[in-house]
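What follows is a set of structures for review.
Below are two complexes that have chain A in common, paired first with chain B and then with chain C.
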Partner chain A sequence: MEIKKEQNGSALTIHVIGRLDAGSAPDLSKELTTALDGVTDLTFDFAELKYIASAGLRVLLVAQKRMNKQGSMKLIHVSEAVMEVLDMTGFASLMTIE
Partner chain B sequence: MKWNIQKRLLVLVLAAGILSFLTLSGLSFYGMSIVRNELKSLGNDLGAAGASLTQSLIESQIKRTLVEVAKARSEFIRHETDLISDDVKIMSRMMSRIAMNPNNYKPIKLLDPRFDKVKHFQPYIIYSPDTYANGMSPEKLSADLRREIEINANINTTLYSISKTFEGFNSSFYVGSSKGYFICISLYPETNGALEFDNNELYGYDCRERPWYKTAINATKPVFSDLYTNFDDDGYQIISCSMPYYDANGVAGVVGLDVANSDIYSAITETSIGEHGFSFVINDKGKVIFSSRKDGDLSTQQTDSDLRNSVEGTLATAAKKMVAGEHGILPVIVDGEQYLLAFAPVENTGWSFGTLALHNDIVAAAEDGKSYFLKQIDGFNSRLQKEFFLFTFISALIFIGLLYVLFPASNNLAHRFVKPINELSDGVREITNGNFDKKLEIQTGDEIQHLAICFNAMTDELKTQMANLTKATAEKERIATELNVAKDIQNGMLPKDFPNRDDVELLATMTPAKEVGGDFYDFYFIDETHLAITVADVSGKGISAALFMVIAKTILNNFAVSTLNRDGLAEVVAATNDKLCANNDAMMFVTVFIGVLDLETGEFIYVNGGHNPPVIYHAEENRCDFLDVKKNFVLGPMDGIPFVEQRVTFKPGDLIFMYTDGVTEALNVKDEEYLPDRLIAFMNKTDCRVDLHELLKNVRADVAAHVGEAEQSDDITMFALRFKGKAN
Partner chain C sequence: MHKITVEAVVENLQTVIDFATEHLEEQDCPMKTAMQMELVIEEIFVNIANYAYNPEVGMATFCIEFEERPSAILMTFIDNGKPYNPLEKSDPDTTLDIDERDIGGLGIFLVKKNVDEIDYKYEGGKNILSMKKFF
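Up next, the complex of A and B:
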């Protein structure tokens, strides 16, 4: 998994590339703990995300919970496979997906 | 060959020492060589110049000496002849006084050797031969003549006194009258006083015929006669000097003396320059009258000829100059040998004194001088050479000594230099062998000490790291052990006693991945006719997932057993969710599929909390499809959310196959998932009526076929339930 960040003022776009599974989820989690400071507009770009595991979902949940307090969060360019998981687990109805 | 530091140092120090010494030595050797060569060439030049200077100096010195000697000797001879001529003058004056004043003297009768015995210092008379001619005899002489003779005999005292000055030498002092008588005192020391006369001397001696008479009779001053042939027994040459005396009528005769003048003789014979030098005297006729040479040219043996007419031109030339009364120095050839002749006139005599030095002697003397000089220079050169060799020798000695001292010193130095390095390597070796308590004790105060300090620091750090590592390893091991225990516990929590009933058949397997995961399944009877089944997957892995799984499983079980009948399945799930949400800051969640089967009616009530939709097999149609599930949210993150329960009625033979994402998301080596589509396709393909063990095995085999060599990434849980219907 690879993480790319685009900071534009208080808006942060995070590109998650590859597989977000139990192995790589802690990396993203760790990244987010600091990256989200002062961010009011968080966007996950999942254009190149191939797979998301439950551990990855948990990271999204943590981020969502935090962004609920300090701004907003959305997911963009979600692939079909990932969308399936989000859908199945009910995340799709909980999160803003564009 | 590779050298160690000690050897390199040794060579370095040695090389430095020896090189500097060699350089210095080489420089001084070079300098010495230059000085030596310069000195040598200077010495040689100086020697050559000095030798030639010495040669010419000696030559000119010899020439000057020759000239000086010639001059001095001629002076001396003149002085001696002056003494003689003074005597003659006295005799002439006395004789003249007597002859002119015969009346002032008394007649004296002299000894007549014809009758008397005559001794030395006794005057005697000899009569001329004509006295005995014609019957004459001295006794018959005229009275006048007799008187004249007897008066003239008064000269005897003068003769005597002069003769006394020549005592011990052969000599004669005499008066020869023009009238023929001869008065004389003769000294012959060797005859012991007595004189002997033969008849010729007694009767045949005419003094007027003698050369001394003839040469002097017409002279006005003393004349040295050529009495050179008169050698006495001692080998002395006799000098004759004579001059006339006068009476009233003029010249009356001649007085003279013959003396052997040893002083003159020795002045001549003992005057020689060089080994072969000699001296001679020639008279105004060019005849050699004295010579220290016994024979050959310029000896008195060849005195008949006039030297001026010598066939040897150089001698003739020299003789002419000598006779002419000149001073000078000339090269001459005597008996074929080259000589240098210096000459000077003897005043008042018409003689000339010449002294000769053999040219070869001069050359030899000059050569001697030159060779002496050259010898000195050679000595200087050889001393220089010796000193030079001494210097080289001492240098070599010092070099050997230097080597002798430098080698052990260098060795020692190198050893001392390398010692801390060796100590360092020994210490490091010890540390390498695991003794981290080893401290390097090197107090050299230089980089090596610094290195040692760094090593010590490194050792400390290593020790700490090793301790930490040991601790961490132990911790890890402990955790791993605990994880294994947790895995066992987790596994133990999964029910294994599948009921063997007629109305329902069920089987579940859980294949854990390496790490302890969060899958679980469960089944239990709510009452006699209701069977609850659960398949769940906790997010993440590890202890936290396992713990959460235990909690989720326990709570779900509790709520299902206690409140299902009162509140329904949706409420059970909602309550469980609420319970899980409490204190779930970590946002753990669990996807759950839970269903309750009425074993009598086949009605199946289920709630899907974000879990994978199970596959349902319709026995009548022999077809599989996914169970329609509402997309409820997962359990754990959000409380108070509603869950929708659904229901379906199983016909006998129908089968529900539940699984976790470990099945559909199983990865092959290409990271490709197994996917729900393949699952449903396989389920439709395979025979779902077989024994559940067989069925699960087949599904697992298909998944395994997909996965291939890839490592299992997640727990794989499969749970199958077949409804058989009431046994009637």
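Up next, the complex of A and C:
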């Protein structure tokens, strides 16, 4: 997994590239701990995210809970395979997906 | 039947997935099913790696075989860790709103959603989890 960030004031876009699995989810989680400081508008760009497992879903849930307190969060360019997992677990209805 | 035994640590997840993928490709398993099996393998293997022997490290065995007419994948995970039946864990309530959602139980829930049959037994000191998926 590779993470690319684009910050514009308090708006942050995070591109998650590759696989968000048990091996890589802790890295994203760690990154978010500090990256979200002062962010009010968070976007995850999943255009190049091919695969997500429950470890990745947990990171998204934690991020969503945090952003509910300090602003908003959305997912964009979600692939069919990732969308299926979000649907199956009810995450699709918890998050803003564009 | 094809079988691989590895030390149950998250770092070995890819080895097990590559092993399974090789056999799924040989069987011309549809891409979508292969991805679902990858997710199933990850969730179970990671569970074994994190909990079965904790705080020690032990081994995990993964077996894959195929049936014809109808085409099906049979996968089994075996470990010698603490007896643990993942099927006893209640499913997360996927209708709850964000503040009530818990982060646990998602992995095995995804496994159940992606296979057609799943069976657990504890036999001879081993956890044996078998699954079947038609394709």
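Just so it is clear, the second predicted complex is superposed on the first by the 98 of 98 C-alpha atoms of A that agree within 3 Å, B and C clash if a C-alpha of one lies under 4 Å from a C-alpha of the other, contacts with A are read in each partner's own complex, and residues count from 1 in each chain.
Just so it is clear, contacts are C-beta pairs under 8 Å (C-beta built on N, C-alpha and C of every residue); 3 or more make two chains touch, one makes a residue touch a chain.
A quick note: this is a predicted structure, and the numbers were derived from the prediction, not measured.
Asker: Which of the two partners, first being chain B and second being chain C, lies in contact with A:58: first, second, both, or neither?
Answerer: In the superposed model, A:58 contacts both chain B and chain C.
Asker: In the superposed arrangement, does A:25 touch chain B (first), chain C (second), both or neither?
Answerer: Touch status of A:25: first partner only.
Asker: For A:68, is the partner it touches chain B (first), chain C (second), both, or none of the two (neither)?
Answerer: second
Asker: Check the residue A:78 against both partner chains and state whether it touches chain B (first), chain C (second), both, or neither.
Answerer: neither
Asker: Per the contact definition in the header, classify A:97: touching chain B only (first), chain C only (second), both, or neither.
Answerer: Neither: A:97 stays clear of chain B and chain C.
Asker: Could you look at A:42 and tell me whether it touches chain B, chain C, both or neither (first, second, both, neither)?
Answerer: Touch status of A:42: no partner.
Asker: Kindly list the residues of chain A that each of chain B and chain C touches, one partner per complex.
Answerer: On chain A, the overlap between the chain B and chain C contacts is residues 21-22, 51, 53-55, 57-58, 61-62, 65, 81, 88-90, 94.
Asker: Applying the document's contact rule, which stretches of chain B touch chain A when the two form their complex?
Answerer: The touching residues are 518, 537-541, 587-589, 591, 609-613, 631-634, 637-638, 661, 665, 671, 673, 713-714.
Asker: Quick one: which bits of chain A touch chain B in the complex? Just the residue numbers, please.
Answerer: Against chain B, chain A makes touches at 19, 21-22, 25, 50-51, 53-55, 57-58, 61-62, 65, 81, 87-94.
Asker: Inside the complex, what are the residues of chain A that reach chain C?
Answerer: Touching chain C from chain A are residues 21-23, 51, 53-55, 57-58, 61-62, 64-65, 68, 81, 85, 88-90, 94.
Asker: In the complex, go through chain C and note every residue touching chain A.
Answerer: 10-11, 13-14, 32, 35, 38-39, 42-43, 46, 92, 94-99, 101, 103, 106-107, 109-110, 113
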